[in-house]
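Quick notes on the structure that follows.
Chain naming follows the written order as A, B, C and D, and within any one chain the residues start at number 1.
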Amino acid sequence: MDPEERAFQERINAGGKIEPKDWMPEGYRKTLIRQIGQHAHSEIVGQLPEGNWITRAPTLERKAILLAKVQDEAGHGLYLYCAAETLGVSRDQLTRDLLTGRMKYSSIFNYPTLTWADMGAVGWLVDGAAIMNQVPLQRTSYGPYARAMVRICKEESFHQRQGFDIMMKMVNGTEAQRRMAQDALNRFWYPSLMMFGPSDAESVHSAQSMAWKIKMNTNDELRQKFVDQTVPQAEYLGLTVPDEHLKWNETRGHYDFSEPDWDEFFDVLQGNGPCSTDRMEARNMAWDEGRWVREGLLAHAEKKRARKMAAE
Amino acid sequence: MDPEERAFQERINAGGKIEPKDWMPEGYRKTLIRQIGQHAHSEIVGQLPEGNWITRAPTLERKAILLAKVQDEAGHGLYLYCAAETLGVSRDQLTRDLLTGRMKYSSIFNYPTLTWADMGAVGWLVDGAAIMNQVPLQRTSYGPYARAMVRICKEESFHQRQGFDIMMKMVNGTEAQRRMAQDALNRFWYPSLMMFGPSDAESVHSAQSMAWKIKMNTNDELRQKFVDQTVPQAEYLGLTVPDEHLKWNETRGHYDFSEPDWDEFFDVLQGNGPCSTDRMEARNMAWDEGRWVREGLLAHAEKKRARKMAAE
Amino acid sequence: MGDNTLVLGHRVSEWCGVAPVLEEDIALANTALDLIGQTTLWLNLAGEVEGKGRDADALAFRRDVWDFHNVLLVEQPNGDFGQTIMRQFLFDAWHRGYLTALTGSSHTQVAAIAEKSLKEVTYHLERTTDTVIGLGDGTEESHKRMQSALDRLYPYIGEMFFKDAVDEAMISEGIAPDPTSLRAAFDSLLDEVLAKATLTRPDGTFAHKGGKSGQRHSEHLGHILAQMQWLQRAYPDATW
Amino acid sequence: MGDNTLVLGHRVSEWCGVAPVLEEDIALANTALDLIGQTTLWLNLAGEVEGKGRDADALAFRRDVWDFHNVLLVEQPNGDFGQTIMRQFLFDAWHRGYLTALTGSSHTQVAAIAEKSLKEVTYHLERTTDTVIGLGDGTEESHKRMQSALDRLYPYIGEMFFKDAVDEAMISEGIAPDPTSLRAAFDSLLDEVLAKATLTRPDGTFAHKGGKSGQRHSEHLGHILAQMQWLQRAYPDATW
């Protein structure tokens, strides 16, 4: 390790923050770009499964809450792209990498939302898992990223409560609503567990990322924490977690649980998620059909600048 | 009148038919092309207001009946384009004239279908008025047109009965259904009266067309006949015709009734009907987006022909 | 008022996640959110005035097409982004004028809702004005698309300024302004913005009607309601 | 069976009045009509077997997404005409094989419905085969579009040939064939048609599932049902 790199690592070890103008190893920069970019893309694509129910929300209040949530997600995307831009990559470049499939987004958004209870389950489980991933990242070593996460986490936990509130209404509702709630849990349980990534043994890049404090906990640690937190909530709701091996393990002080189907996970990663095609079609269409708008607004801005300069 | 033209007119007067290969005056040919073309276009555009409810039909049986009806309309369009082709104009040319607005279609199809009762009203009133117009045309002087009308009239009267049957169900149904039925009659009454064209005083081309037996009755005659036939049916249904001046005139032996709003009629003719833009957008989109299909099938047919010739 | 904001809010929300640029995703969601918020206020008030125990949700989710009184403009399809923005601009320009007048309403609740809405709508109008100008005076293509959006929507402007019997009654009680009185200010704003946007105001004075009266909506509204109301209709006994 | 024909019939009927050429308007309406007719027969039988007094209409218009058992293929969006025709061809090819086997069913009503449907479906398959070949071996553009339609839909083929517990039960009673046994004939037909159409069969063996089991439909089905069922849901007491 050369002196520059050593100084960099020592600063991180001491809990210092790296800022955009600071020297950083190329691997640190690249890993961060990948991680922040994927996170940003997840926020963007994440609008779609919930957007799917805005036009069919059951009350005006629920519609407004959902709109506000989706708006927040777009806002999160924006902060994160800005954080990535401080590392020297443009939003357009990241977008193109998403659209051509070179960059990924969270596999969870390749699952469909099929009933209104899914709006509850997404808030409760998916945002719950996201928060579990994100809270430690508020202490990540890269300053702009850490600051973005602070703001995002605050909003996410609000979303999670709203999701849980929907679930509460559902389980206290009619028989059909209770069935919807259970069905949503059945479908979102394992995909939520997958959100923490493959088990530590199979996870690449982990050790280096943890040394750099880009990653603060192992995948399995976070997954366990999520299960431990979520199972009592499911019990409180009167719902059954779809895992016959789920059991409190007194010795470990944790729940034992079944692994998700990792073959499915890798299928989804390879673009074979239930909605992968739909999601990419939607984003590509938005990008292609929006080109004239972006170009038009740009051309106008340039005209205005030219006029202003001519007038000066 | 030159001898050729005189012979032509005498043949018509004697009740003879003109066939494609026979000599005919240029005006006769042009008028027929316009009339048959407009009729064909009406069948094509006429698929849209009813097509609007196929995906929302209330029972499988009603859905099937509606699909069959719309299929018949496309079929009628096909016969009529074929009849027009015997006069030396291609279907593509007629279609282009429709899409550029040079040729018209029946103004009635610029009105929207807003509730299921409209499927009844369209069948009962619109097909009813169409039949009133078309039955005499089975005796029109141009052979291919007269024969097409025979076939079309048979199917149309079947459609009219189906429409009346829907209205019967509605008026014998719930309060909401009765309200729907009355609302449909309110909206379709005057547009149906307009289907016979402006009053005789304002109608152009009429005298010549009647001499040529392209037009068999005046607009006002047919309109009166339609009112006389339809009012008792409305009474039977327990619905109120939306015309406070409607009254049986003992002396005339006909109903007196209010004229439709001819300003509205001319607005619609000029492309300002409630759905004119929607209809033309739909047809233009179908044509533009279907180009690759038409070209693809044509290219394949030519390849096949070439391969066959090479093999011989 | 509530039907206008409900239907337009629905249309705008259809853009969710597929806008041309992220900032527009946010802006459109924000517009939809404001409109749905206003809908709740207006329809709750309408339900109170009606006195049959229907709240905003009952009015939004349990009426059929014929009982809606929104203008035809707001139910027009989104089309491309240009059509959506032009529709929004035309509506915002009317909406701001109408709300401004309503802030002086003799009905205190009406005045209060108008006051609150006006702040939001003033911001909407600023934004859509800028976007219409930006795209009108942008590239050749964006100009062409904005001009055809304007041509497409122009015949739907008139209905916002028609005066009917309900207006007459509200005018006489000082509840609401005479819609016709707002046209001149709208027209001069429109001319000003179109000039900056290098767009040409279409000829012709034809105006579609039938939405505000409820007598003849377009076919689009039924499809909007099928989507908007399905869940409430499918599970009539549920609370959410 | 009834859910497959219902959902596909709905999708096909969305083309009403906007097909690329008049002959296709007629053919698509005819296909939709046949599929809806078959739906009535299958769902009435399903209701009888269920014995809870539900007829075909109750099953079609009063169930939510999770109670539908159609394969995912039939709920895929229409896309362009190429995607619609490719979807139809793939379905027809499976459908003909399955119906042929069902004509030998031990259940006489099943055999009778299969017999009647088979005539219609044989005609559908002839037509879609010709169209797939014509467009695949047409212009460069039509070829490209047909290839991408095939690539898009290919992962939805597998589900039609999955065997689940319901199949097991029906096989053991001689009611229905083993779906896996029909794959070979399907594959050889597919290869033959693709060769004539100059199209390339995609690599990969991945197959989506969740429709037939009802466990995980696509998001499209909910939108289909919102439209299909709104009227029945909005006026539950009416007869039509």
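A few comments on the model shown:
In this section, a contact is a pair of C-beta atoms (placed from the backbone, for glycine too) under 8 Å apart; a residue touches a chain by one contact, two chains touch by 3 or more.
Labels paired with UniProt names: C, D = Phenylacetate-CoA oxygenase subunit PaaC.
Predicted, not measured: the structure shown is a model, and the values here were computed from it.
Note on connectivity: the fewest steps through touching chains from chain B to chain C is 1. Identification of common neighbours of chain A and chain C yields D. For the interfaces A-D and B-D, the C-beta contact count is higher for B-D. Each chain gets one centre point, the mean of its Cα atoms, and the points for chain A and chain B are 56 Å apart.
Put simply, the C-alpha centre of chain B and that of chain D have 34 angstrom between them.
If you average the CA atoms of chain C and of chain D, the two centres end up 41 Å from each other. Contacts with at least two other chains are made by residues 56, 176 of chain A.
Residue positions 64, 226-227, 230 of chain D each touch two or more of the other chains. Taken as a contact graph, with one node per protein chain and an edge wherever two chains touch, the assembly fits none of the named shapes, being neither a line, a ring, a star nor a complete graph.
Of all possible chain pairings, those that touch are A-C, A-D, B-C, B-D, C-D.
Against chain C, the residues of chain A that register as touching in their complex are 44, 47-48, 51, 54-64, 67-68, 70-71, 74-75, 77-78, 81, 91, 116, 166, 169, 173-174, 176-177, 282-283, 285-287, 289-301, 303. The residues of chain D lying in touch with chain C in their complex are 64, 223, 225-227, 229-230, 233-234, 236.
Put simply, chain D touches chain B in their complex at residues 10, 13-14, 16-26, 29-30, 32-33, 36-37, 39-40, 43, 56-57, 60-61, 80-82, 131, 133-135, 137-139, 141-143, 145, 227-228, 230-232, 235, 237-240. Partner chain B is touched in their complex by these residues of chain C: 64-66, 152, 155, 206, 208, 210, 215-219, 221-222, 226. Contact residues of chain B toward chain C in the complex are 49, 52, 56, 111-115, 176, 179, 183, 187, 267, 272, 274-275, 277-278.
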